[in-house]
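Chain naming follows the written order as A, B, C and D, and within any one chain the residues start at number 1.
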């Protein structure tokens, strides 16, 4: 048993933490918050050049070939910002989907570009008025003369505006089992008929994508047509703990803010951290943070050591999404007025915690899949 | 608008409160807790003689003809003990069931005895391994030569050991709609083949009742055969707020105990009520108490003023059951060690709160029936 | 018991009078919008115009003495007025006016005859809008620790300092605030209460960039500001209630802020949410038929119903002049923490839809998205949840005694 | 990272040795039962007999020095021992022995050489069972306020007072306690720590009538008692750690009580509950296939998994000699409040069935009904949830400094 990071991971953690302190201080994060994609090209390219986008991509496809735990170390630090941008969408979920679903040829074509940041992926699966799960995929791709024509709308797609290419889940065959008959199609976003826009509101970089008579060659289908969902599910199983680690980083940041504030904010002639009610907010925040952290770490370990991990992954997602959400609530209780001031920085996390809450399935969805995975 | 009790109700409240202080102090309640029925005959007869068992029975059947609110005033005080015994089972749920389901003849036969306490009713509806609701009624009553023969088991029947007569819900016709085809049969408990025993454990006066070839005349069916459930449902709608008021009384008692203890228990040279964490337990307890109280009062008012009350009744039951349960938990947090000592008296409430939690349907059941009543 | 407000024929006649008045005087362009920041200046001017018309009839501050421009009406009439305003989505006054609502009672209790005649009629008639200035960067829950000073200099006081989380958007006429008039005096004995002309030289109002400004209470509070005092000279007559007596003057209104008055009315959040779920589908059937959504809606409904009943109870206690104890802060605490709970339930029901204002997908014109933000923001104005608990514990009789509690949170 | 405890061939060989030993020495009649009160005296004697056999091999207190009768084993070996005992539903020691478990570390740190030789071998070899006596009617969370006195009289101390929530059922050999040796000294400087022969004249042990005695930790704690001291004469050699130094001696074990050591093991409650729900039907299908029950089971599972991971983390930190902060009290707090949450979920799943011990309907031999009671009782022993939070806040760095916190809760 060893629950510590190895030396290389400790070094990586320090490197990313240093980068965040120097390159992405609060002033920068507040600017990124208003940026259309959350990732101006110069920043995106620098981070890609550091190898942090391509970590999970095997070396033969131009990536770092790192373990999930290595990658989680990076995302935990990015989550502390929180640093927005399509890092997860492209480098984790997108890359893993191509790895799980694509042919050797497709991997060779796509992944090196993803690793170096010259292509940016976003997986478009969800659709309006549908519950998360394979049943939501209804968008049809009509085959004709070796091409597919896509028509329909995908909703709540993370980083679709930032992406250069969309991996679109489409229904190519009807089936009793909703997980069958789904294909994953790589669509160049510059094709005619593709339009994406970011949804405004109390959420970040989540988009609507419309397809109007978008024609792609049949070769745009990743791997075998109709087998998309199982491949996407395998990709999600690996990607989710990375998303969780980003949420864990978010929890840590709001924990640090709250502890610091409760030690330095003086009311009634003493630090507010002396009041039991303020302490209790921080204690609950701490419990959420640690619950998110350790469920995530265990899921990562199981995946990296090739153990059956499904129930642990669902556990981690349910706990981390709820944990980040609640951690932000408790942080607001600690901070009162100053916490709602945009320049203080807490609301960046609050918004991110809401945005990620239902990303790739909400806690209830994952609790139920956990019950399935446990053979209840 | 007037949310106060009227003068007569105030007087009644004081009378019952005095009775409880003088006749049922803690020493007596601790003895009753070990009593087989919770109501030794002398106490039962005295309370019946005071008219508190027959309050809801119309005067023409020998009762007090009181309103539900009048009756709730009494049960709130009884709940402060908590005074065990078949008062609610017989005088409220039993009597209302006979009133709603019985023929004029049956009312005249049964209700005067119930009012004076010489007959004690208990309604036996629930069955093993069944969810609460009409679907649980599976026990069959086979008709033959003007008699019905009952065979089967009823489980979790409150006060069945104390009862002289059981009102048994049986299925006399099969039906697509589980609420149809149920009959209510009055069974003299002294008949051969009827056996009841109290279930031991962390609950009070809840029984298993077995019927082995129990023969009753067809005239034992209340009102019209097959129409039992709707009548029982009407009886429950009126009875439930009385049960809720008993739970409200329980909340008040544990509130009073907790406030008193937090003001007099000294630790670290000050009353423990000065510590915010202890205050918070009492604040949450207070909120549960008041939520139970006001949802119950509004349901009573709607029923007494012939307004549609279904959603309010379900609300009151869901809130009061959860409220009494949680109020006891918070009281235990306030009291720590002393609270688990039987002689202190808090555990009488804790046990009662658990016992009543799912009586006539648990909070989830009532939440869902509330949604139905609200036409969602 | 009777949970229904019953009206006499006279009262029903009054309702008709109010309805006719509002029908004529509420302009069509005066809409309530989720995007309170987006209330245009034109709309704001309509609000003020309506306010002046209401003020002319004594309906802007209906319970206050006619002598000073109030309505001299009873609580029943006030409820009728509020119910009818509510039909238009409006409150009394129909614009953010914290300083009038919460300052007028203080003036009525503590002002000299001259001050009452000077300050009250313009407020009650809707001629001025007033903001209250309490919080400072270093004084939130611990309001008595304000640092803004008002030092006597001849016939004037000279004010210096900063207040935050103040007011709304568009103009303001008067400001009232607390400032230290005796820097050497003990806590609670060093403050004075001032009613200031907002146009005095040296006053700067600067909008804050917040998650949202709303929260609870107040009509469309729009935006919050910092207010800076740079050697602002105010006449001595601006001081109400006696020098160094400001803490007592300010606490006159606290019970009002802590929800003690009670509330009767519709819950628009519930109405909107239910409307949306009944008229929209998930996986091909009405959202309300989904068991998970039904259950969550009932969680919300229970929370709201309990809050409603607490408000009704408080309204009754106020109306019937019954003794009150912890009920005000209880109601406030429930509403504040309840909104945060409810926001969580709503996100479970709606997911991303709870968060977006995108025209193609927005739920109930943005009111749901606004609630996601205002549920957080609303935790603090008028006393944090912790402050409500503090007062509630004290009233239950387990907190510190009054002398102590004024100075300490725990 | 590696979450799995991995064993060397030597360790696996040790496990085989333990297994063989237990196979021979655990008698068939030594059962664990939910009705801990009902452990017969015969069963208790079997527990003690097994304890002496384990003690003879140094396996009763495996990590303690061989010199005093401990096992001198490392933590891996201890885990193996505990895992194998757990297969029989037993702990180390296989009977309630609070005074030995929590008193031995104090003696090891504070005792003279003579006291170590006198007290430790009988404890470690299982020859005596010891109860700790801390709580008094007036001293619970505020342990330092005990009133029992131990006044010097010649070569003896004379003890008078009462302790409550002590021990278990059946016999006890020794008792250790804290008593005031200097009534005039300040708090924390007035107490001394005594190891007493339970058979001294003037000691009366009287069982309490409780909801249940169990709660958390300890093997079948059975019953709790009041212990009265009526002019009990103890020799001066019973005082460990110096006169008026008892507070320091007693706090030696507090980290142990606060869950700091960590824990790895099965969760029998979960196993039992799941087993029941998989093998019983509701409305004609397995309970686990009911969506509501599935959801509630997952609520319980998540709560338990988080607690398990906190325990594993603490175990690692202890094992790897890493710095610890708030983790011990966090784990304890989670377990305590978690059990109450879980009891609530279980009642929602099982209703009345969660509450009865009736042979025809009992769930999992009464363990579920016992949990309903022990979840309440377990909130307090070893420090209430509030005390855990107090320590946790202090360790996070937001509580009072150590000097202050020793004397105050808030």
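The rule is simple: contacts are C-beta pairs under 8 Å (C-beta built on N, C-alpha and C of every residue); 3 or more make two chains touch, one makes a residue touch a chain.
This structure is a prediction, so every number in the text was calculated from the model and none was measured.
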{"item": "Partner chains shared by chain A and chain C (touch criterion as defined above)", "value": "B"}
{"item": "Where chain B and chain C are represented by their mean Cα positions, the distance between them in whole Å", "value": "43"}
{"item": "Centroid distance [mean C-alpha coordinates] between chain D and chain B, Å", "value": "40"}
{"item": "Rounded Å distance, chain C centre to chain D centre (Cα mean)", "value": "53"}
{"item": "Residues of chain D touching at least two other chains", "value": "389, 410"}
{"item": "Residue numbers of chain A (touch at least two other chains)", "value": "274-278, 280, 364"}
{"item": "Arrangement of touching chains [line / ring / star / complete / other]", "value": "other"}
{"item": "Contact set on chain D toward chain B in their complex", "value": "135, 138-142, 145, 164-165, 208-212, 280-283, 292, 340, 344, 347-348, 351-352, 355-358, 360-362, 369, 372-373, 376-377, 379-380, 384-386, 389, 407-410"}
{"item": "Residues on chain D engaged by chain A in the complex (per definition of touch)", "value": "1-6, 274, 277-278, 288, 294-295, 297-299, 301-302, 305-306, 309-310, 312-313, 315-316, 319-320, 322, 326, 330, 333-334, 389-390, 392-393, 396-400, 410"}
{"item": "Complex interface listing, chain A residues touching chain B", "value": "275-277, 280"}
{"item": "Residues of chain A touching chain C in the complex", "value": "128-131, 135, 155-156, 199-203, 206, 208, 266-269, 272, 274-278, 325, 329, 332-333, 336-337, 340-343, 347, 350, 354-355, 357-358, 362-364"}
{"item": "Contacting residues of chain B [partner chain C, same complex]", "value": "1-5, 69, 259, 262-263, 271, 273-276, 278-280, 282-283, 286-287, 290-291, 294-295, 297-298, 300-302, 305, 315, 318-319, 364, 367-368, 370-371, 374, 376"}
